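The next part holds the structures, each set out as C-alpha cells.
Here chain A shows up in two complexes: once beside chain B, once beside chain C.
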Partner chain A sequence: MYEIIAFYLFSALTIGLFLITVMSKNVLYAMTSLAAGMVLISGFFFILGADFLGVVQLIVYVGAVMALYSFAMMFFDATRDIKEKNTNSALIFLLGGLSAVVLVLIFAAPIHSDAIQALYPMHEGVGNAQDVGIVLFTKYLVPFEVAAVMLLVAMIAGIILAGKKMDQSLTEDMAADDEIMTQKDAK
Partner chain B sequence: METTLVENLPEVTAVGVLIKAIIILAVISAIAGFGTYIERKVLAFMQRRLGPMHVGPYGLLQLAADGIKLFTKEDIVPQNANKFIFMIAPIITAATAFIALAAVPVFPDFTIPEFIPLLGGTFVPSIAADLNIGILFVLGMMASGLYGPLLAGMSQANKWGIIGAARTAVQFLSYEVVTGLSILAPIMIVGSLSFVDFNNAQSEGIGSWLIWQQPVAFVLFLIAGFAETNRTPFDLLEHEAEVVSGYATEYSGMRWGMFFIGEYANMITISIIAAIVFLGGYSEGTLGWLTIVLKVGFFFLLMLWVRASWPHIRPDQLMWLCWKVLMPIAVINVVITGIVMMV
Partner chain C sequence: MIGLTHYLIVSALIFSIGLMGVLRRRNLLMLFFATEVMLNAVNIAFAAISHYYNDLTGQMFAFFIIAIAASEVAVGLGILIVLYKKYGSLDLDDLASMKG
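Moving on to the complex of A and B:
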C-alpha cells in the first residue's frame, strides 16, 4: 500500500519537475527542477529494493547536474528570464511527440508480451552491492571496461585541451595577458 | 526495508522510527545551538580571551539571546533575487543534513517504559533507517546538501553570492572525490557498506580499530571532511575577508540560521562517520554509547582546535591540495590496500 502511494507520488512529482525543466524560461528553475527530478528518480530504486543503485543514482546525478549549474553560472544571468528562439514549434512538437511514443512502445513491448524475466535474479541474504558487482564483472565485463576506457579518453582529452596554458599564471605573469590579447586580435 | 540489526532485538515499528526522527531533530538542533556557544568559548580560551561573558553565568544564556535574535530578525528577500529559490535554499541545507543523520546510529536503542500512556512499549531503534548501504547514503545525502549554498548564491543577485556559489561547486565536487576514495579502503577491508558491520568488525578493543590499518585513509578523510563541512582552513564559501559572506551575503534571520544548523549537523555527521569507520564506534552495553559520544566530542573539538590554529588557504592552494596531493595519495592507498588483501 505504502509502495503504491509512494510510486504515484514520485511519478507525478518527477514528471511535473521535468516538465518545468523543459518549459521554464528561467535557468535557475530549469536546473533546480532537473536536479530535484533526478533525486526523486532514486526513490523508485529504493521502492524496488535496489538501495545500492538508488544511492548511486543520487551521487552520480547530483554531481552531474552540479556541473551543468556551473555552465549556467558562466553563460546566463540566473535571476532573469531567457529569450528563447523557437523556430517552427509545430515541427518540434511533432518530432518530440513521435520520439516519446516510440520510447514508450519500446519499453512497454516486453511487458505486454509477458516475455520479461530476470536472467540474474537477486540472491537472498546477499547485499545489493555484491549482486551488482557479480553481474558487472562476469556478464557485463567488456562493456564495463570499454566504458572505463572511454571515460579515460575523455579525461585525457579534457586535460590536454585545458592544460595548454597551465604553466602560466593569469594573475602574476603579464605575458599570459599579452598572449590572450594577441589570440583575440588574431580572431 | 532490509535490516542488519541483530535478530533478537524487538521489531522496529513506524512509530518507533517516527519518535527517533523527532529525537534526532530536537537534539541535533539543540546541539547545533549549543555548539555555537562552545565554539566561541573554546576559540576564546585558545586565543587567550574570555569569549561571551555578560549574558548569564559565564555567558551561558548567550545561546538564548542569539536564538531570540535569530527568530525575531526581519526576513529580508532582495528585490532582484529569484524569490522562490532564495527561500528554499536554506531549507535544502538543513533538510539534507538531517536526512543524512537518519542513516547513522545516534544514541542507543531503547524501549519506552510501559507506564507511559499511548507510546508505552514502543521500541526506538538506534538507526532511524538501517540501510545496508548506510555509508554511501550518508555521503550521497551530504553531497546533495551542497545544492543549498549553490542555489543560495545563484539566486540572490549578488556578485559575492555568485562567487560563493562557484566556490561551492568547485570545492565540494573536488573534495567528494577524496572522501569517497579515502573511505573506499576501509570499506574494502570490512567488505560491507553498513555502519553496523563496521562497528562489529572493530569490536575487539582498541587494537582492532581500523585507524591502525588505515592511518593514511583516516587523515585524508579528516581533511576532506573539513572541506565538505566548510570548516576553517577550507571555508572559502563564506570567507569574510575575501567575499563578504559568500553565498550567505544576503541572508538574515532564521534563513541564515538554517544554514548554520545544517553546517553543525554536517559536522556531527562527519564526526560520527569518522568515529564509527576508523575509531571503533560504540561498544556493547548501556555505557558503551558513552564511548562514541566521547569520540564524536573529540572530533568536534578537533574542528574548533584547527580553526583556532590555522589560517585560511587560497582557492588555488585548495585545488592544488585536492587534485595533486590528496587524490593521488588516496588512489595509491586503495591500490596498496588491494594488493595487501590479495597477497
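Moving on to the complex of A and C:
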C-alpha cells in the first residue's frame, strides 16, 4: 500500500520537476528543480531495495554534481534569464511526444521472462551493501579500477581546463573590477 | 501492485523529457542539465529490472553510469568555462564558427 502511494507520488513529482528543468528560462530554477528531482529518484531506489545505489545517488549526484554545477554557475550570469531562439518548437514537441509514445509502447509490451536468468542473484538475509560489495570487488573488479582511472583523468582534465587564467575576471563590468583592485591595493 | 512495467514507463517518460530538452535547448549549461535527466531515467530502469529479476547486474551498471556522469560533468564544466572565457556566451548559435 505504502509502496503504491510512494511510487505514484515520486513519479508525478519527478516528472513535474524535470519538466521545470527542461522548460525553465532561469538557470537557478532549472538547477534547483534538477537537484530536487534527483533526491526523489534516490527515493525510487530505496523503494526498489537498492539501498546502496540510493545513498550513492544522494552523495554523488545531489552532493557532488550539483555542487559542481553551482560552482560553475558562479562563472556565468545566473540571475539573468536565458534568451534562447527556439526555432520550430512544435516539431520538437512532436518528436519528443512521438519518442515517448514509442518507448512506452515498447516497455508496455509483455516480457518473455522465462529466457531471463539472474547472472548474479541477490541473497536472502544479506544486506544490499554487502551483496553489492561482493559482486563489485570480484566480478566487476577490472571495470571498477578502469572507472577509478577515468575519474582521475577527468579530475586532472577539469583542473587544467578550468584552472588556466584563473586570476583574470570573466565579467565585462570593468567598474566592478577596478573597485576590487582598489580595495586590494588599499589592504 | 506496482510491477516492472510501471517503473519502465516512468523511466521512458523521464527519458523523453530529457530528449526533448536536448532537442530544444540552445544554452550549453541547460543542455548539460537535460543530459543529466536522461542518465537518471536510465538508472531508474536499471534499478527496477535489477529488483524484479533479483539480479545485481543492473545495480552494477547503474553505479558505472553514475561514475561516468560525474566525470562527464567535471570535464564538461571545464570546457564550458574555457568557452565562456573565449566567446563570452554559452549560446550554441553564437558558438557556431562553421557557417555553411
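The rule is short, and it goes like this: the second predicted complex is superposed on the first by the 111 of 187 C-alpha atoms of A that agree within 3 Å, B and C clash if a C-alpha of one lies under 4 Å from a C-alpha of the other, contacts with A are read in each partner's own complex, and residues count from 1 in each chain.
The criterion applied here is as follows: a contact is a pair of C-beta atoms (placed from the backbone, for glycine too) under 8 Å apart; a residue touches a chain by one contact, two chains touch by 3 or more.
The model shown is predicted, which means the values in this text are computed figures rather than measured ones.
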Mind working out whether A:39 is in touch with chain B, chain C, both or neither, as first, second, both or neither?
first
Tell me the contact category for A:154 with respect to chain B and chain C: first, second, both or neither.
second
Is A:29 touching anything from chain B or chain C once the two structures are fitted on A? First, second, both or neither.
first
Touched partner set for A:141, first chain B, second chain C, both or neither:
neither
Touching A:58 in the superposition: chain B (first), chain C (second), both, neither?
first
Pick one for A:11: touches chain B only (first), chain C only (second), both, or neither.
second
Now for A:181: first (chain B), second (chain C), both, or neither, which partner does it touch?
neither
Check whether A:126 is in contact with chain B, with chain C, with both or with neither, and answer first, second, both or neither.
neither
Chain A contact check, chain B vs chain C, more residues touched by chain C
Where does A:49 make contact in the superposed view: on chain B (first), on chain C (second), on both, or on neither?
both
Touching both chain C and chain B, counted on chain A across the two superposed complexes:
49, 52, 56, 69, 72-73
Can you list the residues on chain C that touch chain A in the complex?
1-2, 4-21, 23-27, 29-30, 32-34, 36-37, 40, 43-44, 47-48, 50-51, 53-57, 59-60, 62-64, 66-75, 77-82, 84-85, 88, 90-91, 93
Help me check something: in the complex, which residues belonging to chain A touch chain B?
26, 28-29, 32, 35, 39, 49, 51-52, 55-56, 58-59, 62-63, 66-67, 69-70, 72-73, 78-79, 127-129
List of chain A residues in touch with chain C within their complex:
3-4, 7, 11, 14-15, 18-19, 21-22, 27, 30-31, 34, 37-38, 41, 44-45, 48-50, 52-53, 56-57, 60-61, 64-65, 68-69, 72-73, 75-76, 82, 84-86, 89, 92-93, 95-97, 99-100, 103-104, 106-108, 111, 113, 116, 118-122, 131-132, 135-136, 140, 143, 147, 150-151, 153-155, 157-162, 164-165, 168, 170, 172
Chain B residues touching chain A in their complex are 2, 80-82, 84-85, 131-133, 136-137, 139-141, 143-144, 146-147, 150-151, 154-155, 157, 162, 165-166, 169-170, 172-173, 176, 192-193
